[in-house]
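There are two complexes below, and they share chain A, which is joined by chain B in the first and by chain C in the second.
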Partner chain A sequence: MKKRCNVHYFPSAPDISVIHFSLVCVWYLSALQQLVGVVGLEIHAQISSNTKLFSGSSVQFLAPPNSLVSFFDASLPGTLPVLNKRCVEAAVMTGLALNCTINKKSVFDRKHYFYADLPAGYQITQQCRPVAVDGVLTYSFLGGRKRNQVMRKNVYIKQIQLEQDSGKSLHDDVNSQTLIDLNRAGVGLMELVMEPNMSCGEEAAAAVRELQLILQALGTCQGNMSEGQLRVDANVSVHRPGEPLGTRTEVKNINSLRYLARAIDFEIQRQTEVVQRGGAVLNETRAYDSKSGPSPSTSCRFMPEPNLPPLLVFEDEASLPAGVEAGQAVLLCTLRAGLPELPSVRRDRLVQTYGLLPEHSFTLVNEDGLMEYFEAVMKGTSRDPRKVIGWVTNELLGLLKQQDLSVSHSPVPPAALAELLELQEAGRISSSAAKQVFQEMWRSPGKAAPQIIQERDLGLVSDDADLHRICQKVVDSHPDEVRAVRSGNQKVLNKLMGLVQKETKGRADPVLVRKILQEKTS
Partner chain B sequence: MTKMLAFQTLRVVSLEILGSPCNLLANNVYSITKRCSLISLQSQILRPLSSHQHNPKVPKVPTWEPVPEEQLPQPTKIPADLVDKLERLALVDFRTKQGLECLEKAIRFADLLHVVDTSGVEPMDSVLEDRALYLRDDTVTEGDCAEELLKLAKDTVEEYFVAPPGNIPLPKREERAAILRHSEF
Partner chain C sequence: MLGLTLKEVSLAFREGRISPTELCRKCLNRIKKTQRLNAYIAVTEEFALKQARQSEARLLQGIPKGPLDGIPFAVKDNFCTANIRTTCASKMLKDYTPPYNATVVQKLLDQGAVLMGKTNMDEFAMGAGSTDGAFGPVRNPWSYAASYRTQAGAASDSDWVITGGSSGGSAAAVASCTSYLALGSDTGGSTRNPGALCGVVALKPTYGLVSRHGLIPLVNSMDVPGIITRSVGDAAITLGVLQGADVRDSTTVPAPSALTELPEDFDVRNICVGIPKEYHAPGLSEETLAQWSRVADLFEKAGARVEQVSLPHTQYSIVCYHVLCHAEVASNMARFDGLEYGHRSEMKSSTEVMYASTRHEGFNDVVRGRILSGNYFLLKQNYQHYFVKAQKVRRLIADDFRHVFGSGIDVLLTPTTLTDAACYHDFTQEDNRTRSAQEDVFTQPANMAGLPAVSVPTGLSQRGLPIGLQLIGPALEDKKLLCVAQWVEQSVGFPSISDCENTQESRKDPGATRREQTSAV
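Now for the complex of A and B:
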């Protein structure tokens, strides 16, 4: 009888390769089926204008409650909307800047929902036929492993529509009531609806930043997220590539770019975990303020606005029909001609003019005022722009970020930095000494570079005899290192140079020092 | 005979009340006696009470005819879910038998629009679509009337209007059916 052996099955060589292969397959398939996030943004940009969209009351950020409210804004009976020409021009300019098709005829609708800060019970908007459709926003961000590669991406814009803002509600939980301030009710908004082309928080934040820069350059919106001038709602879902889109949730009440990226990534993570556990994502609105406004437009009733005829936009004066005065008409050719330099064009111009790398021009345009600072410095120095850029994006920006200052609050004005760089260019100080001087200029604003150089005796030492003496001293006191250099280890030479620089407090001309040391150690 | 008496009374009454020219009324009264159709009788009784002359653009007899059922699409049935959704959107209670019948009749009435042939006709939202939309200058002309506006509200707190807290959600369908059953409707 055969003895039954309790031998654990140990796979033989061919079996191992089979197991390995199937493991690889499983890994490959699971990588293919990785859940990815899908992000679509809906952005409300408050139009920068003197008066509201349909009434003549003023638009201001802070004002006594209900002091900027007209009878129409309070939706008293017998009032009618009268469209503001500036708001139309703002929407059309934004559409042109984002490569949209401008609808020559657009129509206003009423979107009905009940909420205390919407006194009329409806909002006048342009759901069906808005003023601009089918645009594209090209945005860039610094990616790659070292975060220094400019990656360009596109997000498609479904439509841009004009609509009214609602009032503000303050929740008084103590007395179980809501206080309504209608100052904001009726202010003109541009709603930008984007296609869900993005996949993570970083991309969304970069897209919004680019939009902010564009709107600020156009002057159509000041884009201040913390003041509510730019409000972003993100629709987030997860799915496996190739499969249909998953259920989406809406993330609202985001008032900074950083928070936007974090909230979106958090939501993608949360949904991924839910799906991986086998659960179902609920279609809901996730906000940190539970008393945010009503749910999305699927639960609102729409009807055409009966008090407003269609909005007509014309190509040029020649195409104006009889009876329409030029002063009354919005002309595309005039607006197109009046578009200012957009951020992407500006970045390209900087690269062309100064020979900068794309990532540098990206940083210059991204930081408010930095490009102007850089150009002002360039005016005052003949130094190579590629060397100046390092000063601006590293030294200056580094210190500004450390102390949380904006460029306009920099203690060192562009002219002073230019002066310092000129001195360096002329050979009066070494680069390490220049950095020290810069630090000192930062600490004591108003002190000019030459003064500091003189005070701290940081002028470049290029006196031959002096340098020889110091180098000799270093060589004599470090025989081991000298021997190492003689035997071929060049790196030790740098150590010797460092020692010399320490002796001279960084004032020695590095080129000369190297030459002398090489002579002495050869 | 009684008809003649009725007209005479009307004539007297109308002359006293309205003081309209006598011969005009006389014409109307005599035209009634000539025609003697029930519909025109009703409209002619009313007309002596009106102070305006008969507008020639208004037809003297109704010109419409009821549309046969075959020409209309299927009558719409409204499911309970839709009733619930509409009640939430419009904040109107209409789920009683009477309310639903009224809604169905209204939809049936609107179905008459399907009979009209609109092929080749551009859709229109309003008859004023060809008017120019007036564009206003961006200068401040109104506002600064907080006091006047606040006076219109029942409750105010320090220049703010007062509203109930948040949006009070409607109870679920079953709960609301129970509420309605117990109400007076």
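Now for the complex of A and C:
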């Protein structure tokens, strides 16, 4: 497909002119048809549940090594898997939220490979008939020239399968030992396989972010990438549109969205250069860091798991066969009814309720806790939501980002911001003073806005005499500007206003100042 | 006393004719006396006496737990026993002590039964002779019975016969009166085969009726805990205790009926017995055929309907059984890598080297051979051709049985084995694979279909060795199957083991001691 065109067209030993021509040829072809990236994702989401997929041991992050290991997790001979209903429900809910077809009957398979942190020598997974198939994830990201346009895209979900997590190997190179921690062995995972519908790192990161939000809204996965609750492998290839897909490589071990986007774009760039140079992309696994796990897919053997009957999911109580109790069964209607508000619905609701722009709703929902913060502020103020959103997405988010804090760690709680905005709404402070107050509230957590205004004398100067005096002083000391205004250049008036605000440290009522300056320069 | 049935002993306890402790000591003595059989891998003497004393206290207080309270039992060494070594007769697990009890073991202990020890077997239950274990072969108690010694003209100790397998130790324990009941496991006939060759009752219940939790698996989709006793009634009492759903085994089902005692006056006139013509297999001995015809005639004379039936796919069963068995073996054995438990090789230059040498040192040739072929069947390019095809044929075999039972047949009557027990010397002329194919030929179809089957001893061969016949019933009709089996038991007049034991005991001549000494060499 993306064959090296120089070799193809010029099989004989190349002389200078041929090389030159071939370069032209490459340039010509690539100019004609640009190589584009093709990205598919395989995502392992750790199911948020108290116990493991097939055993009763607890699921916990950062527990002492090998403290959460049942006989089954350690693969003691004679132990058998017992399916955790909560994990099935989590997978079904996730499937429903992603518009999947839920297989009423799915089965478990064993996938065999030898690895030290896989105690049984096989992983129980769902290869042949997974619990959910054929879904779609709609995700958005901010694009366009000013990066404020909401771009909406779809990625198709091939399947969602339930499977066991493996343990962890810790390689001690100094003593050439491998230490095994089985705490994670047997924890329930949902593996989501996404079709290669994405074309770059940004899209992939946006899709994963949307998935993360959905999983968190559902409560089926905490979605923390750095704790390994959400692990993303990307299959990357390049091709020219219309041609078959190129050979893909797998990018593994990515533990943040930023690195995901970066790693994918790097790989697309690398492959593009390889192909343009006339080389061939090799099918290989490329780890973002050096600690790469096993890559067993080529050599592993499958067979049905004989110790688990088929997993049955029922529509409702009426469809239960005799002998199956409703409490034991997984019922679609119950799970469907219990689905929470999903991120896309949230965004629509924010736009409708508050008259926000779509990009604002996007920011509010995509930042953890920001929507809740915004709605809490709105409860305490009568200000126009479109004004409040500026405070939340610019002042607050700006400071949070600067200090790498999450919304929940904001030193200014929503009620305090609401109080500040109320003061501004009531005309007690100017907007620039309000910003200064906010900065001070940030620096001194717990200090309320009125106290800061008083201490720093930031209240609005609306005393006529005072303002007249300050304006007169500015007019007197800037004769050139006054002349310009008088000759009709009203823009210069703004400069004079700025100078007045500078004198008053931004506390002057701008409407009043304009009026006075206009009088004095007319 | 040792030759009694479980039911009789239970009665003797209540009447005070013997105490559990006395009985336990008698059994322990008998185990010592019959040590040459090599039936036990481990004898749990202290634990047994402790349990017996507790049982005795309960009996004295008049609060026995049930019919099994104080009854000595033995467990095949592939059932996990808490704090008691469980080896599967393999070097791989020779020092392995499980931290938990298999459900079936726990149920027996909960009933007050007294664990005498863990019984010998083929390594990981792979075999049909109990000759391929890391602790040496098991000898059939009938090798030393008067009937064999005189009728076969057996003179030297080298003529001893095998028990069959793989649960040979359990069958030998019950046949030699060192335990009243024993647990075996049955994947392709591993309980029924030694049951037939040792002249005891051997039941393989319906798949799913008895929990496999704690049974170290051979083939998960076919393994069933088996019950070995000296009477059908005893097997029924034991099944009554063991059966039922277990939350730890998702493949179990609730018991269809509480199984306590079998009716003594079961009427066979309402029964239709099927004789599958495909079981007239090459290699079937004339004597076994004669027993088969004899029992069929007994049924007919008693007024039962006896019909020839066809199970057309039977001939393909053993081949498919082996494909499926080896594939699951390859999978189940993958966990034995020396990391979490079991044997670990000293060769540790890399994880892979350690795996390889651990598995090479830990498993015998039979196990390694099955792992190799099983992995071959599971290769991506072979999976459809072998595994899937064998599963399809398995379905056809199950359908054969369904059709027959759907056509009004209540129970099938077949031989359990081709012949009586072979001499160890003859048996080991062929390799394990060939022997397994021969020995499991009549028994594994019931495993392929998940059906209940029981082997009942019906007579002695001219060599003075037991011959057993097999009854197969529809799924979950274990009780009815046992009723028919009990009728057979009552009708055939199999020489009771106590007779042989008495003969053996009465022959307490210096010769017996001499034999023991020579066999110990």
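By definition in this document, the second predicted complex is superposed on the first by the 484 of 522 C-alpha atoms of A that agree within 3 Å, B and C clash if a C-alpha of one lies under 4 Å from a C-alpha of the other, contacts with A are read in each partner's own complex, and residues count from 1 in each chain.
One rule holds for everything that comes next: contacts are C-beta pairs under 8 Å (C-beta built on N, C-alpha and C of every residue); 3 or more make two chains touch, one makes a residue touch a chain.
Note that the coordinates shown come from a computational prediction; the quantities given were computed from them, not determined experimentally.
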item: When chain B and chain C are modelled together on chain A, clash or fit; value: clash
item: Partner chain(s) touched by A:Val330 [first = chain B, second = chain C, both, neither]; value: first
item: Touched partner set for A:Pro445, first chain B, second chain C, both or neither; value: neither
item: Touched partner set for A:Gly498, first chain B, second chain C, both or neither; value: neither
item: Partner chain in contact with A:Leu83 - chain B first, chain C second, else both or neither; value: both
item: Chain B versus chain C as contact partner of A:His112, first or second or both or neither; value: both
item: First, second, both or neither for A:Gly355, with chain B first and chain C second; value: neither
item: Chain B versus chain C as contact partner of A:Ser75, first or second or both or neither; value: second
item: Superposed model, chain A: greater residue contact from chain B or chain C; value: B
item: Which of chain B and chain C A:Ile180 touches, first, second, both or neither; value: both
item: Contacts of A:Phe302 with chain B and chain C, given as first, second, both or neither; value: second
item: Clash with chain B (superposed arrangement) - responsible stretch of chain C out of 76-84, 130-138 or 274-282; value: 274-282
item: Chain C-contacting residues of chain A that also contact chain B; value: 71, 74, 76, 82-83, 112, 114, 116, 178, 180, 301, 306, 308-309
item: Chain B residues within the chain A interface of the complex; value: 88-91, 125-126, 128-146, 149-150, 152, 155, 157-167
item: List of chain A residues in touch with chain C within their complex; value: 71, 74-83, 110, 112, 114, 116, 119-122, 178, 180, 301-303, 306-309
item: Residues of chain A touching chain B in the complex; value: 49-51, 55-58, 64-71, 74, 76, 82-88, 107, 112-116, 169-173, 176-182, 291, 294, 299-301, 304, 306, 308-312, 323-324, 328-330
item: Chain C residues touching chain A - in the complex, by the definition given at the top; value: 79-80, 86, 88, 93, 96, 98-100, 102, 212-217, 219-221, 247-251, 327-328, 330-331, 333-337, 339-341, 351-352, 355, 375, 378-380, 383, 387
